[in-house]
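Same chain, two partners: chain A is paired with chain B first, then with chain C.
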Partner chain A sequence: MDGLKQRITAAIHNQPQPTVTVLSSLLAVEDAIGYIPKDAVEEVADLTGTTINDVWAVASFYPNFRFDPPCEHQLELCWGPSCHLMGAMAVIAAALDQVGVEGEGDTSDGKLSLRYNTCLGACAQAPVISADHNLMGRQSPEKVRAAVTALLASPSPHGQGGN
Partner chain B sequence: MSFVELAAEADRRWKSLTEGETPWIRVGAALCGKAAGSDAVLVALESSLQRHGVAAQISEVGCLGPCFAEPLVDVQLPGGSRVIYRDVTPETAEEIVASHVVLGTPVAHLALGYIGESSIDGIPALSAHPMKASETRIALRNAGNIDPGDIYQYIANGGYQALNQSLTEMTAQEMLEQVNASGLRGRGGAAFATGTKWNFLAGSKEPVKYVLCNCEEGDPGAFNDKGILESDPHTVVEGIILAGYATGASNGYIFVRHGHDGPVDRARGAVEQAYELGLLGQNILGSDYSFDLEVALTGDSYVSGEETALMEAIEGKRSMPRYRPPFPAQVGLFGKPTNINNVKTLAYVPEIVAKGGAWFAGIGHGRSTGTAILCLSGPLNYTGMVEVPMGLNLNQVLYEIAGGIKGGKDLKLVQTGGPLGGVLGVDNMDLALDFEVFREAGAILGSGGIIAADEDTCIVDLTRALIAFCQYESCGKCFPCRMGMSHLLEVLERICRLEGERGDLELMRSVGLNMQAGSLCGHGQLGFNPVSSAIKYFGPEFDAHVLERRCPTGACLGVKFSPKLTRR
Partner chain C sequence: MAENITTDITIAIDGVDIKTQPGKMVLEAAIEAGIYIPYLCYHSGMKPFAACRMCVVSVEGGRGFPASCTLPVADGMKIRSESHEVNELRRSVMEMLIAEHPNGCLTCHRVDICGPSDVCLRHVSVNDRCITCPKNERCEFKDTVRYLGMELESPLEYKYRQIPLEVSDPFYDRDLNLCITCGRCVRVCEEVRGNSALCFTDRSGRALIGTSFGDSLLESGCEFCGACIDVCPVGALVEREHKWEKARRVEQVICPHCPVGCQLNLEFNGAGKMIRAVPELNSPSNHGQACFKGKFGLEFLNDSARLEQPLVRRNGQLEEATWDEALNVIAGRLPEFKGDAFALLASPNSTNEELYLAQKFARVVMGTNNVDQTSNIQPELTVGLERALGYAAATNSIWELEHAGCILVFNSNLTEDQNVVGVPIKKAAQRGAKLIVIDPREVELTRYADSWLRPVPGTELLLLGGILKAVVDQGLEQTEWMDENCEEPATLHYTLNSIDMDHVTRVTHVSEEAIAEAARIFAQADGGAVVYALDNLPGELQRDCVLSLVNLALLTGNIGKPGAGIFPMRSGMNEQGASDVGCVPNRLPGNLSLRDATVVKALERSWNCTISVSQGLGVADAINAARDGQIKSMLIIGDSPNFTNGRLGDGLAALQNLDFLVVQDTFWGQLAQVADVVLPRSTFAEKDGTYTSLERRIQRVKPSIQSKSGGAQPEQWVFGELARRMGYSGFDYPAAYAIMDEIASVCPIYSGVSYPLLESQVSTVFRSGLEMPKPTQVLYSGKERRGIQWPCTADDPSATPILYQNGFPNGKADPITPVFQAPEPHLDSEYSGWFVPGRVLLQTDRETTVVTGKLNRLVRDELVSLHPSYAENELIKDGDPVEVVTPRGTWSGLARLDPSIPPGVISVTTLFGQLAVELQSSEEKNPMSKAPGLEILSARIAKVSALSSA
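This part shows the complex of A and B:
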């Protein structure tokens, strides 16, 4: 897995902003690789002069980090209050049914990682979902089923994963 | 380049864009536009132009306000008025290009309105639209009008003049006086006097001092911070530099949640351009003042928006609130004196400096000067972002500006100031947009999010959803908040299942009091608001669930879903 190590090193050493921290480094790894491999925790600790315990403490706090490779596609479903009032519960139920899962997590075939989100930031278009990081508003149970089908049929985006 | 030369170059570029040879097509591509499908519209416009063999400048712009009509496409022929097209699809994009761009004939039936001097047959003025008629745009003055990725467009519209004027003509003390005179108060939620806050920082003689711009904005129903940052990032950057100059700060950060790519990219781009033109860095515009600014990101965490938790996140740690005192103005980011302002607060500053504090103080209501930047969501006819003078009442906002509830249904309640702000029943719709008026009514005007709910909404179900959010987003540092939220959620879920027990409301009150007394930050202190306000306005509906075991709206018998989410 030398390639992975090189990607981790490149990600944490090429951060655009001057202030480099444990959190900024973890976010850079997530952006580049889609998850936080164990090697990244060690390398971030070395770079920032902290311990792996410190790095795990930060990584485990923010729920956008995951620690195993993500699936080919990412689906996020918003359940914030605006979306709730506009029918998010029915949209989520339809999405879960279409994907064939009971809740958050990865499908067993490695095709889709499904997450809930507390606010995707486009409340005027509620209910909102995000399919491979593309926002899609004004969802209904029918639309979200079609969106799931289209997502699974699309090519997996490069640099998948992360929030 | 001197500022005069910069401004002249910006003017030249703006004139060639608006009065030159080719049409200018602006596509609303803020989060609201993207969610409505602006990407596909952009592709369709480009291929249509190519097919017709016509040249046009296409820009992705920010949020013009009427998000309900997104994707918006705004076509301006050289020297002419702008026509704003609504609900554009790839198909209607083709029609717009073929008729308006190629033949010069606007497509009246697809238009929302026009903006400009010359009227257009069959198309109403956009300024007559209910969402626009009451507007006074200060912080949003450029939103949807300029390309947020082009600093020259901001300068051509008066941008960075306040900064140039301050650096050349005003002392830091004079700037502080203008901000004090404006009566500007923090728009992040606490409504603290901005001038007073800046005075605290200005009083410190430390060489390294920080000014932070808070765009964490985790409040569901609020998207105005992200909206401003991605629609007009330079008004925020200029506001931060001015805040830095007034307080003698050396460094600044714009703090945004990772994953909101539009606002993050726009902010980073704006900072980079400001450096390139000498508006940031050493000796800004040739003056003695130097200031460095960068963009810092947080992971998913609502509490990151709390000012001390925000500093923890910039330092790269878990975003948990700190004990106070010491206050940030003494010991803040990296142990240095720090000032934190919301995006909206800072976005007003350039105009306040340019036009004077008294001008700003002349707008508004009582001690709430200036405008309210509102995010309207829920089942309203016109959802979106508006900037109106403080003092309008909720009836005007909901029925005039937002056009009332969809399908002619009745309004049941509004939820303001984020989930912690609680709900307001319909008897309160004469409340004026004013920090004190809202506070006296037990509500929070806060950051300006207004979520409407119609008659079909079950109050217990909505309260459960609000508390589910608060429970998920508790950072876990303070025991009363961490456990209290879980406890409240458990009781509310029980009531939703029509399995509530006598004494459940009392039990929740006791939990709520402990949360209020024993939590470090507003999340726990205000965390009982959603429940207490719901019981206050809709007590009988809770009783029906608990005592009669029935849900009057039937919502609790519908889809059963309660995200079982806790922090890992």
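This part shows the complex of A and C:
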């Protein structure tokens, strides 16, 4: 528990950019810990001189923040226009099948959090996926099955205390 | 007003020319001119938000359809509001809004004639019907839909959100299925109240209002002031009590719970039951705000267990009697106790007229100066203030605090005791004004403070000395202003000079830098205001603390200026009025001195009697004298927590000592049980008269309810009857106005006051036609009742919002020199420290769990903060379970060692949510009047072994 608090504090207080805002602080926490714990909301409020409710208003506005611990691995599947045209729907169907879930969400064994994304910013490489924040382009149903298998076999990035 | 020199400009709305001023928005200008433009998110007193798009208009020569609430007026602007295309746009916006709100009834022509169990031809489910909504009949949203003339069928399908109702927090029910996300509640909580206990959550179609992580209001920073409920345009936020009751009558009263003088509109149902309190938007005292006490603490008006018949003790038993019998018993016995064996204690929520009669009765009929009112347990609050400046009252108006550059709050828990005073203070702090809090306790305002000086209890006076010295040493005195307005402060300078700052720091445990910083912030601010109470101050320091604070205001030139001044935080509702009309032991009406022979002569002539000039006893002394047997008889109006909370010792036991005790009270309580005669008393809402608030505002009230059986009577009538039966004239007045006329004739500061004058301070506020949809608060606020701030003299019967602007009554202000001492802590061997309680709205540094149930409860470990050195002696480690033992009981919690806490201080800060739950579930008839304060007690700390704590 204390470890978590220290990680939050470290993430919030070591932001590289000169302008520190509620949003930048939340992003720093999400990056470091993978989600926004309740303690982080309180600490961001203290740092930025706002209240927990103001911070919550910002945090809950963005669907990319999550408020419970993520699974060991993150898989994001882009279904933006470019990826869509280049066959994202088949890639997504294959990925869902390989993971064994019906749609977005966490697997019941806590191994993988799967999300759709509207653009991962690499349209030239469409269709794109992001496995534990590593972009992988030019996906096909076969490639994505292999990527999921490899991802699940790899060590969790959160296991070693975050980045 | 003279300074209003902005030139009017003219805009036209639908061809009607209206005059307005630059800087206003079109919607605001339209509302002021009585032209209705539909709106839902705009609310008077808040910044425009432009979220609902209901107030869209078109501008000739302009593009598109701007929202008029954020459209600044410009000269010659031509606005179209009621055109076909604007209304079409509004209707399509409304279609989207009603797609997210039950709308079957909103668009139905039968809505006003439907009953809850009628067969609905449109198949609207019972849950979705307007008739089953608590806001029905006062729903701004429904009114707006009907104003727009929506079609019967909406093209967008409504889907119930299926959000569970929140009905477990104190006082509030929240049904977010009805929310239209106008954001008024979020904004009023943030902008007006400064709490931000609510926020917007989520986004787009799922956006709603809520709290961080969906927490209970108990832990989100809510102060249960009800402001969000008052502005909600739909049924999403409502008062739980009498939720479904419909208002059939609305009456204005002054809230009886504290001296701020909040004007409240009370709603009554068809059976005459008080169902809701809505604070008055146009009130100069509260600007549309109330607090947990005023909003939710008037339920006692409905209590059926009122005393309705007099009781007389016969053979040791209190038995029912007629008024005639009871009054005859009193009139028969009281003459035995004439003179100083008698004391009269009036109630702080009596009217000025009643308090005047009370002191007149004591002085004329009973021949004694033993007269006081029961909340006046700290008469020193204003003694120094009066001696130095001239008047025993706040120098400025409460809402001027909003514009102060720096506010110093001294030993006052005003967020709980005079809540609405906190609203302008928090607003000022939000705006950037500096806030200094001096208090050993963690009170709610410390959250907003730039500087919180936390002296060891009992060393506050020395700390003030340090601050004064720092002002002088840093050359921050306003010498020019001082020369002109004050007596020579040479002695003060001399005394300050001899203060040793090292000593101050050592004794108070406030660092020299913090003292210097506070002095600098206060002295350099553009307008510095001092707000003070004497909570927990030892009696021998009280007068000098007040003098020090006055001196601080004088040295920095902050008297007689707007946005500055000094504000004593009185406690009883009409304590100011009691002091003004002489219902205090050593002062005559008008706060005139008993020692002034000409004053006494004049009064004797006017009252046709001789007045005793021997010193009278105040409430504290009178209770002591009753204990000693010196006082043998008392007449007490209204129960007071001071009889039972220990501040006057065991008050009830002392009163039992009396030979003859008469009590007039509303409810049967502990006080009535020890009386010899009990008289039923009218409540504040049944009275005709005036009250004077702590900002010297004399406000008129008229009876808004009739006592049901007619059994209870106001004090005015009782004093009249008693005096007549005891053979005295001069107590029969045709009505309350005549008493005020007499007060005016004997009180110089009230000499211009009369009911017709007070009536002339009422103006009509023009806010668009009656048939237009309006927020509830606006609906009730057709009139602005300003009252009048004294001095209001016969020569100059105008209000005086700021005292001493044209000089001081005694010529110059007198910076009287206090003796800056800190008494040796007289802690005995049994108690080696102080238990210092605090209470705040929000605490994020510890785990809090809310146990949800029928009524939510907070469960958490209370932390007992201690200085490490203090703990070492007792061998206590961080996190150890400890007990705080005080003479009034024992507290347990977990130790937290904190070097910033002065040694000897045992600080425990609880959450306001806890108090809210306790008040809500209290069995008391009038729980808000018994809301516990934060009292510092002598204490010791004891370690609890793990075994016994488990």
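The rule is simple: the second predicted complex is superposed on the first by the 157 of 163 C-alpha atoms of A that agree within 3 Å, B and C clash if a C-alpha of one lies under 4 Å from a C-alpha of the other, contacts with A are read in each partner's own complex, and residues count from 1 in each chain.
One rule holds for everything that comes next: a residue touches a chain if its C-beta (ideal position, glycine included) is under 8 Å from a C-beta of that chain, and two chains touch if they have at least 3 such contacts.
Worth saying up front: this structure is predicted, and the values here are computed from it rather than measured.
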{"item": "Which superposed partner A:I92 touches (first chain B, second chain C, both, neither)", "value": "first"}
{"item": "Partner chain(s) touched by A:P18 [first = chain B, second = chain C, both, neither]", "value": "first"}
{"item": "Greater residue coverage of chain A in the superposed arrangement, chain B or chain C", "value": "B"}
{"item": "Touched partner set for A:S60, first chain B, second chain C, both or neither", "value": "both"}
{"item": "Touching partner for A:C83 - first (chain B), second (chain C), both, neither", "value": "first"}
{"item": "Which of chain B and chain C A:G103 touches, first, second, both or neither", "value": "first"}
{"item": "Chain B versus chain C as contact partner of A:T51, first or second or both or neither", "value": "second"}
{"item": "Shared chain A surface residues [contacts with chain B and with chain C]", "value": "57, 60-63"}
{"item": "Partner chain C, residues of chain A touching it in the complex", "value": "38, 41-42, 45-46, 50-57, 60-63, 67"}
{"item": "Complex interface listing, chain C residues touching chain A", "value": "186, 190, 195-203, 210-213, 220-221, 842, 844-845"}
{"item": "Chain B-facing residues of chain A, complex", "value": "16-19, 21-27, 30, 48, 57-58, 60-65, 79-86, 89-90, 92-93, 103-104, 116-126, 128, 133-138, 162-163"}
{"item": "Chain B residues within the chain A interface of the complex", "value": "31-32, 34-37, 39, 67-68, 70, 217-223, 226, 253, 258-261, 268, 292, 294-302, 313-319, 375-379, 383-385, 415, 419, 449, 451-453, 457, 462, 465-466, 468-469, 472-473, 475, 558-559, 561, 563-565, 567-568"}
